[in-house]
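So, here's a batch of structures to check.
Below, subunit A partners subunit B and then partners subunit C, in two separate complexes.
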Partner chain A sequence: MKVTVERAQLLKSLGHVHRVVERRNTIPILGNVLVRAEQGRLSLKATDLDLEVTETLPAEAAQPGATTVPAHMFYDIVRKLPDGSQIVLESDGERAVLAIRAGRSRFTLQTLPESDFPDLAAGEMGHAFALPAADVKRLIDRTQFAISTEETRYYLNGIYLHSADSAGTATLRAVATDGHRLAQVELPLPSGAAGMPGVIVPRKTVGEVQRLIEDSEISIGIELSTNKIRFTIGNVVLTSKLIDGTFPDYGRVIPQNNDKELVVDKHEFEAAVDRVSTISSERGRAVKLALSAGKLVLTVTNPDSGSATEELEVEYASDALDIGFNSRYLLDIAAQIEGEAAVLKLADPGSPTLIHDRDAKGALYVLMPMRV
Partner chain B sequence: MSARKVETEIELPRPRDTVALIGHHDAEAQLLEAYRSGRIAHAWLLSGPQGIGKATLAYRMARFVLAYPDPMSPAVQQATSLALPENHPVLHHVAAGSHGGLLTLERTVNDKGTLRTIITVDEARETIGFFGSTSAGEGWRVCVVDTVDELNANAANALLKVIEEPPQRSLFLLVSHSPARVLATIQSRCRRLPLRPLPSHEVVQAASIAAGIDPDDPTLQQAAAAAEGSVSRALTLLGGDALGLHQRTTALLESLPNVDPRALHALGDALSGTDRVALATFIDGIERWIALRLHQGDVNADLPRLARLAEVWEKINRAARDTETFNLERKPLVFSVFGLLAEATR
Partner chain C sequence: MPVRQLPETVVNRIAAGEVVERPASVVKELVENALDAGASRIDVFTDGGGRRRIGITDDGGGMTKADLALAVERHATSKLDDEDLLSIRTLGFRGEALPSIGSVARLSITTRHAGEPHAWALSVEGGAKSPLAPAALSHGTRVEVSDLFYATPARLKFLKTDRTEAEAIREVVRRLAMARPDVAFTLAGEERAPVTWTAALPGAAGRLTRLGDILGADFRKSAIEVGAERDGVMVEGLAGAPSLTRANALGQYLFVNGRPVRDKLIVGAVRAAYADYLPRDRHPVLALFVTLDPREVDANVHPAKTEVRFRDAGLVRALIVHALKDGLAREGKRSAAASVDGATLASLRPGFVPAPRAVDWDWRRSPAAPPISFTAAPSPAMAGFAERAQPRFDIGAPSADVRSVAPPPVDEQERPLGAARTQIHGTYIVSQTRDGLVIIDQHAAHERLVYEKLKASMEQNGVERQMLLIPEIVELDEATVERLLSRAAELDRFGLAIESFGPGAVAVREVPALLGKSNAGAMLRDLAEHMAEWDEALPLERRLLHVAATMACHGSVRAGRVLKPEEMNALLREMEATPNSGQCNHGRPTYVELTLADIEKLFGRR
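Now for the complex of A and B:
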């Protein structure tokens, strides 16, 4: 194999793929990145056996071929080479080394055979559709905070992506929950996604996709089967396993008949909750919301340190109500509101509250109350 | 009977690399038959003495299932063994540990660079994530546990959780040297597959492949004869002068209770130094000999004698452990071992 490539491009691509490789690896080949030179391009592939990232970049391939080298070391070498240099990668079939040359620098890296490198991407993908990057980003950004980290309920450790029917229109819906809060975002169903299976995309994959979307103008290709999902983001292709489990019937926990409606200014509310929660202890982060006509009083009482109270003017016309929430969760959800105001639909102090954006459609959040 | 691992300087072949299976045709046929039927039990307990090819068979089965995910396909229905064609990609991936459909639980190296004595609970919990996500291959998820004896109590229970409620198309291959000590709740969920020690000619065959020695080599023949059906024991005996040591130990044991003190001195000298293999070979020879006596003895007639022998076995075990741990002089150990044995057999 012999290939010449621009340092800046190689560095950028390696920056994407090497993140997938874990620093400490008991299996040597998983610490490596697969380097493959083909006609006019170079492809780099890294995997942790749960997901796989491949990136293709233009290069002058004098002699096609493939090998694998330690990912982090290769990345560090390329990073330290002078900007603007041309890098030559060369290996022969005889010795198990890859030579890296740029300007006056010479490196050789030990390689492992390409045939040992795992291949996750094999297999048929039944469904394919495309979404604007901004939409994919929204689906992820608005739901990611609610993904559970509890390992026993592993089927909650991801975003449930599925097609759904929302008041007569078909939608692509992303849901995440940890049992305390739930986030749901939907978009009109893109063509090609009809009949897609509901899949649970693991947390790590979600984070990786989010980081790979650098340009929100582009279109992202999504392919999926019951076993795998693949995102094509520019010249990066990410293939991932899915979580094998049944996502709970979340529809039953979304309250339908909450009649008490509270409208708060997003910024005022967020700042006020943040201020009063200063006093709360690590363990109990409860903040009490006391509602009366046109007025909301936020109170935090911590028996060890003191108490805090703040009054807000709000739109509220129903009966008075006292309800408690975890301040952390309240802040997380407030941060997801894109418009100026949030609408909270409440029933009673023991029932879940429905929160959505007054100005933007398509996203809703459910929050369980705390006893205060 | 002993959980002691025989340390060896010879690089023993790793089961995940070993493609050839010597012997165990019945067991292999049972696995193939079960897979072919389309209703294979999800967990198997492969048991038998150390070094006879249990893990080799487990990996062979794992490779077969990963390579041919559909049990109804012609390749499976017409297969006569679990062998894969040469250069099949699954062979490379399994050997490199990079097959996404295979999880291996085995003892790993700790931060200090030494091999752990157990499989930890954190490692066993990897099964939750592995079986909780879809397979990287065409559907099967295979977990090889080598060995299940090395799981500590917590790790065994963590593994049990997953074996209790396995997802579709999952296969557990548990390897055990002492199946009776495996958690009863795990045992009850496994189909048992006991493997027998190999006959001597098969040990020769397997050891000659592994060590690259001519099968007609007389040393190999002797090592195989002394190995009691275990390929790893035969290979250990082939390293250094382990075989000579083993034969001297055996000869001395045969001469009990009237042992020649000069021969004991010579044996003690041969053991001196810090060679772990030598000490392990000596202790292993003694333990085997006692075990044989205990098995052959008539319980009704010889009860007090057998009880004495069992007691001696325990004392020897403790003394050997101390000698190894504190790096004590080995000659006194040789004398005390034979002293105890002479008394017990008199």
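Now for the complex of A and C:
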């Protein structure tokens, strides 16, 4: 193999793929990146056996071929080479090394045979559709915070992506929950997604996709089967295994008959919760919401340090009510509200509260109160 | 006071002080005599810590009437025929034991030689011999010693408690019994339950049985057979796996030509051989038997004969280290902890007791009641200071992992460490073998693998050395300088270059780069002290390996890292292929094995 590539492009691509590679591995080849030179292009591939990222970039391939080299070291070398240099990669199959030349620098890296590199991408996908990058980003951004990290509920360790019927229209819906809060975001179902299976996309995959979307103008191709999902983002292809499990029937958790409606200014509310929660020394202390006609009083009491109170003018017309929430969770959800005002639909201090944007539809959040 | 010749009784008592130090020495001398007489069965009985009574009965050759009369005289022995002190093949040879004992206690001997028509008895009290008298005994010899040290009250005062003395006797008999698995021993007495070690096969074959009897079942299970031979010196024996350790070196037994000896040599050699497996303050359990031409060793260093001098101590030491290292590398994967002992098994039984059913038990509050969504029962206990719990939705209880797992391929299960089934707490791999399960500490195991690789590359590529701009002059006393310089070549191999700098000083020119900016002077002194004691340059090697171990620790898969099945299996296969993978480099086991039999025991099926 012999190929010449521009340093900046190689660095950017390696930056994408090397993140997938674990620093310490019990299987040596998983620490490597697969480098393949083909007509006019170079492709790089890295995997951790659950996730595989392949990126293709233009290059002058004098001689096609493929090999694998330690990913982090390769990345560090390219990073330290001078900007604007042309990098020549040349592999010597006999000696199992890859020579990296740029200007007057020359490195040789030990290689492992390309044929040993695991291939995750194989297999039929079945369903394929495309979404604007901004939509994919929204699906992820608005739900990611609620993903559970609890290993015993492994089926909650991802975003549940499925098609659903929402008031008569078919939607593509993303749901995540950790048992304390739930986030649900939906979009009109794109063509090609009809009949897709409900899948749970793992947390790490979600994070990688989020990072790979640099340009929100493009369209992202999504293909999936019952056990794999593939995102095509520009010249990067990310294939991931899915979580093999059944997502619980989350619909039961979303309250339908909460009759007390509270409307708050998103920014005022967020700032006030943030201020009063300063008094709580650790995360997750309860903030008490005391509601009466047109008025909301936020209180945090910390037996070790003191207390804080703030009053807000709100739209509220129902009976007085005291309810407590984890301040961290309230802030997390407030941060998801895109518009100016948020609506909280409450029932009683012991039942889940429904939160959504007053103006924009398509996203809703459910939060379980704390007892105060 | 004019100079005068001391009376013989006094001379004997003084001499006795060297041979007969405490009751245990009496037992040692008498049992050795029995062994020299070719006994196949020796019964030892003691009373009052050996002070009141010691009785030794054997079925050896016995003595003729004439021999018996002579035996209690000083320097009379049957064991040194040609006055050749250089080739001693018996345990005793000085001819001091019986007269010494006779001079400080009441001694009576009954013996029957095959050539005599009947047995003869003789007694000695405080050095005074009684006339020989006919007695009844079918064969062998019976020696009785009572009121030990009655003739030397000063010595009597210095004896420890009966318990301590009895323990010392036990230790003496244990040592002798270890050396001779072919002889049956019984140890009985007022202060202990009788112990019997039945005769096993002679030599190496019976050794495991006898050592297991004496050192315990853990040792028998984990013992590794070791052996090496060079230039007519043979080292063989059994070494405990590195997971079986003690806080002191008392579990280390050395036998030279069948004679139990205490020698610093073995402590140093064992330390060197186990350096890779054990923390500094732990000591393995082992028994080593050195066989060599009697001319090559001098047992006549001390009347009690617990010390020996080798003509070529370096060779014996090297051979011990070699034999141990070899055995450990060969069997390193199999550790005592690899299978769980009874005490551990017992502790595996459930520790929780189900709460008794309350009087006002109500099924609606029991786990059998259907879950009611969204309403966490208010708990009055929570109302106080406690941080309120965050209620959760009903999204299903934590459940067993129902993700499909392909059954492990049968051939992986046949491997010693089996097929990885799952990882628990992100830290331990559980694997299934054909007849049990293995729990592997992923970090410890991977750390060992990385360490072995680093060590191999250090050996292959040598130690990188940093030359010093200004050689460091370390002032030491002359003997120390000599000692260090005599080992300069060995130190050089580890990257420490020193040379003579006049009397009483050495110049350090290069230091191992790995050690960074460590104080060369302190290191040399440490080295020199160690060399004086153990005759080896272990501290330097140990320091280098310590650095390698730290590097290995940082370069290996941590606890908490989720491993995929392929990765777990790769780790197991690598462990099987790496010597010493049974311990991490801190000496902890990397895995434990629970056999089906153990599991069945837990559930009372066996």
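Everything that follows uses one rule, which is that the second predicted complex is superposed on the first by the 369 of 372 C-alpha atoms of A that agree within 3 Å, B and C clash if a C-alpha of one lies under 4 Å from a C-alpha of the other, contacts with A are read in each partner's own complex, and residues count from 1 in each chain.
Definition applied: a contact is a pair of C-beta atoms (placed from the backbone, for glycine too) under 8 Å apart; a residue touches a chain by one contact, two chains touch by 3 or more.
Predicted model, so just to flag it, every value in this text is computed and none were measured.
**Student:** For the overlay on subunit A, clash or fit between subunit B and subunit C?
**Tutor:** Superposition check on subunit A flags a clash between subunit B and subunit C.
**Student:** Would you check which partner chain A:156 touches, where first means subunit B only, second means subunit C only, and both and neither mean what they say?
**Tutor:** In the superposed model, A:156 contacts subunit C only, not subunit B.
**Student:** One more residue to check, A:116. First (subunit B), second (subunit C), both or neither?
**Tutor:** In the superposed model, A:116 contacts subunit B only, not subunit C.
**Student:** Taking the superposition as given, does A:49 touch the first partner, subunit B, the second, subunit C, both, or neither?
**Tutor:** After superposition on chain A, A:49 lies in contact with both partners, subunit B and subunit C.
**Student:** Mind working out whether A:251 is in touch with subunit B, subunit C, both or neither, as first, second, both or neither?
**Tutor:** A:251 sits against neither subunit B nor subunit C.
**Student:** In this superposition, which partner touches a larger number of subunit A residues, subunit B or subunit C?
**Tutor:** C
**Student:** Between subunit B (first) and subunit C (second), which, if any, makes contact with A:64: first, second, both or neither?
**Tutor:** After superposition on chain A, A:64 lies in contact with neither partner.
**Student:** Could you say whether A:368 touches subunit B, subunit C, both of them, or neither, answering first, second, both or neither?
**Tutor:** Only subunit C is touched by A:368; subunit B is not.
**Student:** Is A:242 touching anything from subunit B or subunit C once the two structures are fitted on A? First, second, both or neither.
**Tutor:** first
**Student:** Give one of first, second, both or neither to describe whether A:30 is in contact with subunit B, with subunit C, with both, or with none.
**Tutor:** both
**Student:** Of the two partner chains, subunit B (first) and subunit C (second), which one does A:82 touch, if any: first, second, both, or neither?
**Tutor:** neither
**Student:** Pick the subunit C stretch that clashes with subunit B in the superposition, from 385-393, 493-501 or 583-591.
**Tutor:** Here subunit C runs into subunit B along 583-591, and the other listed stretches stay clear.
**Student:** Take the contacts of subunit A with subunit B and those with subunit C, and give the residues found in both.
**Tutor:** In subunit A, residues 26-27, 30, 49-50, 118, 151-152, 154, 243-245 are touched by subunit B and also by subunit C.
**Student:** Hey, which residues of subunit B end up touching subunit A in the complex?
**Tutor:** Residue list for subunit B touching subunit A: 89, 92-93, 95-100, 108-109, 125, 128-129, 131-139, 167.
**Student:** Okay, in this complex, where on subunit C does subunit A touch?
**Tutor:** 373-376, 378, 382, 385, 387-396, 398-399, 401-404, 426, 446, 555-558, 561, 563-564, 566-568, 570-571, 574
**Student:** Which residues of subunit A touch subunit C in the complex?
**Tutor:** Result: residues 22, 24-27, 30, 48-50, 118, 150-154, 156, 177, 179-180, 182, 243-245, 248, 250, 252-253, 284-286, 303, 324, 326, 350-352, 366, 368-372 of subunit A touch subunit C.
**Student:** Quick one: in the complex, what on subunit A touches subunit B?
**Tutor:** 26-30, 49-50, 112-113, 115-120, 122-123, 151-152, 154-155, 157, 202, 226-228, 241-245
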